[in-house]
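Comments concern the structure below.
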Amino acid sequence: MTRKHLLAAAVAAAIAGQAGAAETVRIGELHPITGPASYYGLPESQAIRLAAEQINAAGGLDIGGETRMIEIVSGDTQASPTGGVAALRKLMADGVQIIIGPLSSGVAPALTPIIASADVVQIVDGSIAEGLTDGRRMFRNQATVGDYNLALERLAKARGYDSVAIMTDRFHAGFMESQDDLTAVFSEQGNAVVAEEYYKLGDTDFSGQLTTIAGADPDALIVRGYPSEGALITRQVRDLGYEGQIVWEMVSPPSTVMKNIDAATMEGVLNAIPPTTEDYLNLGNPRAIAMAEAYEATYGSVPGELAALSFDALHIVAAAIEKAGSIEPADIAGAMATLTAAEVPALINTYGAQEDGRLFDETGQVSLPGAVSVWQGEGWVPLTDLAAD
Amino acid sequence: MLEIRDIDVGYGGLRVLQEFSIRIARERPAAVLGTNGAGKTTLCRTLSGLLPVRRGQILFDGEDVTALGSAERVRRGIVQVPEGRQVFPEMSVLDNLRLGAFVHGEPSREEIAEVHALFPILAERSRQNAGLLSGGEQQMLALGRALMTRPRLLILDEPSQGLAPKAVDQVGEAVRRIAARGVAILLVEQNLALAEMVAEHAFILETGRCVRDGPAAELLSGDALAKSYLGI
Amino acid sequence: MLELLPQQLANGLALGSTYALVAMGLTLIFGVLLIPNFAHGELYMLGGFLTYAGVTAGLDFWLAAVLATVLVMGLGVLVDRITFKPLEQASGLSLMISALAMSIVLQQIATITWGTEPRTIPNPVPGILRTPFASLTYHKLLIIAVMVLGAVGLWAILNRTRLGLSIRAVSQNRDAALLMGIEMWKVRAATFAIGAAFGALAGALLGAAFPIYPTMGVIPVLKALVVLVLGGIGSIPGAILGGLLLGVAEVLIAGYISSELQDIGAFVILVAMLLVRPQGLFGRAQIER
């Protein structure tokens, strides 16, 4: 061996060694960090970074005996399908093969075909649209719209509503898709659907529909959509003299609600959705409290409603990587499919286990049953006894 | 009274008036004669300040008014009866007269009565919308409106256009009476009959240039006119 | 269902009054100056935000609304100077593009100043008037009242003042108006200020019941354009009647036919109007200029 060869070998070894020491596991996250849904998206993105920092601080990931740190790469969907596709392509071009997100039900279906044909593993932590997962490469730790309706259906049954009216945001694909199933279940249970009315995101005057609903005077009015319109609908239908029970089906930060309605009018309104970060905090969930404290210490604000889902998503990915002992997408996906809740002790959400104890079902979907909360004072409080007023 | 020195006026790449110069004295009503496209309306709009000059000067009573806006020229007494009358169709005859006096404030009863005396038809139709008047009546209104502005120089852009011969005579008669009050007249026309009735001095405008001028009686009857103006 | 008709009509008139209020400013500017001021929606938005800013600073709602309106009137004049005046000789299309650009600029300024999150002003007139036939919130009654007062005030300005005389003159024949010695910049400024005042008032009043956010003006301007076509472009009575018609139609469609068809219904009315009476309710068959 000549000196030249020796030198070349030494250089090669040096480069390899250095690369090994510095190499991180790159995890991409896709959320609307700017744009109209940033009030959901930014906390989600920050919760993921928080979880990654905590794991790194505790020594990083143990991948088959080798220690690696997590590096988060952010993509901004701006809550639009085109923005989402562009952000995903950029992440993939940067060599990211693990994706958490997206949030919006309008963005997620646009990403599915790209991810399905790439060497990538995805976990959706926000969108509730149907059909986003396959159990092979695409998973979700958020509820589906069907899960959303479960809580609503149980509430209507427990309270024995004779008549219900439904007011749905017709631009919300998830709610529109599940509307027929929901009314079918109501009819079966003896909750006669006396009025089905629609509106769209951004509307401000609902008097036409609400006069009809108030005229039908149902036991309950169910509002499915987003909280700004939900609050305006609640206020306007009360102005028209409706006195029945109002039930929302929407993730609704109290700050947004309070901008559009006074607390007295909101008092007693019910909300049937899977528990939010806020609910877990109210229930005294210790992991939620720890996360919220760390979040506030880092970012100076309270975590958003959906931050717990994003926080969990990163821990699920981390657990799957360690279980697989590999950072190959196929290996991670395989490990994720067999993961149990017990293998991810950091989880905040209380997921319902599958029959064989796994976290995800055959299609890559968790079970996250909805719950009912009631507005008291200036926020939502979990309702433990559905039948009680 | 009015002196135009070597003005150039145009739209975009088009030069409509070129090195155009004329002088008008108050006591000698003048006519600028030209065929369609000679630049007559452009001249009127330039004098009223609706079109900028690219070169040259406009002097009124010895003062340079070239840079003044249309409102200031109106205030100084440069008043125009535009081509096609341009009355305000959906306003009453009275409101049209009020607008004539706009730069001087609300007109007095006497001022309106004076115009009514000159054009009795305007008194009869006072409350009617101007758009409902006949062409001849609208021309009377346009003249009456211009009088309300207290003109010192009255520019008339083809007042005979679209009028029956009898109505043209009425217009000519009215302009003569206005001139008799000491208002300088600049009639821009292609109708020779009206020019003959009104003007004492005439200018011939051809493709943007003043090609000839002289006493109206001479110019309008002589061979020179036939050659240059009618293009024979 | 029919027993709800008085209530539905009241709903429609209240909704229509908001459309009329926004449309009056837009139609005035278009009717007088032939300028399609799409930035009108942003003046409406700024009316809401400035009222919000005033109320947040501790002012009484009414005072804040008046101050906001005055500020937006000045802003309207500025918008004209920046957006349209430099394009005096340009085509209508250029004016439209310039107007859209100004809309975006104003939205961005609002976004930078106040953020995208919706704000609200506490309702200055809480409570509901209940009658045997229909009930309306005092807030809606206020909007109807302001719309009526605004229309009467505008009529008075146009028909009883010298400023109004000059504005009408410009709208009927701009060149002749100039020959009367009317100063165009004054008419432009006055028209933009009055038009902006209607937008700002609508924004201030609606901001007291609905969220205020940077893009809140987009939909009202689209509705106002529909109103203009219905009522006749450039016609003030047309803007009022067109606005009320659209409001009542939307509510009746949502209440009696299907709320899924609410928007389609409005456009069916629009297309029907274009087929039957293309110049609109009060439009001139031809506009001579």
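Going by the order they are written in, the chains are A, B and C; count residues from 1 in each one.
Here is the rule we go by: contacts are C-beta pairs under 8 Å (C-beta built on N, C-alpha and C of every residue); 3 or more make two chains touch, one makes a residue touch a chain.
Note that the structure is a prediction, hence the values are computed from the model and not measured.
Enquirer: Strictly by the touch rule at the top, which chains does chain A share as contacts with chain B?
Expert: Touches both chain A and chain B: C.
Enquirer: In terms of CA centres, which chain lies closest to the overall middle?
Expert: Chain nearest the centroid of all protein C-alpha atoms: C.
Enquirer: Using mean C-alpha positions as chain centres, tell me how far chain A is from chain B in Å, no decimals.
Expert: Taking the mean C-alpha position of each chain, the two centres sit 78 Å apart.
Enquirer: Give, as an integer number of Å, the spacing between the C-alpha centres of chain C and chain A.
Expert: 40
Enquirer: Tell me, which parts of chain A touch chain C in their complex?
Expert: Contact set of chain A toward chain C: 35-36, 38-39, 170, 197-200, 202, 204-205, 207-209, 211-212, 215, 228, 232, 239-241, 256, 259-260.
Enquirer: Going by the contact rule set out above, which residues of chain B touch chain C in the complex?
Expert: Interface residues on chain B, with respect to chain C: 48, 50, 69-71, 74-75, 79-80, 82, 86-91, 95, 98-100, 102-103, 105-106, 145, 149.
Enquirer: Mind pulling up the chain C residues that touch chain A in the complex?
Expert: Going through chain C, the ones touching chain A are 1, 3-4, 7-8, 11-12, 14-15, 18, 116-120, 128, 130, 135, 137, 206, 209-211, 219, 250-255, 258-260, 262-263.
Enquirer: Can you list the residues on chain C that touch chain B in the complex?
Expert: So the residues of chain C touching chain B come out as 162, 165-166, 168-169, 172-173, 175-183, 288.
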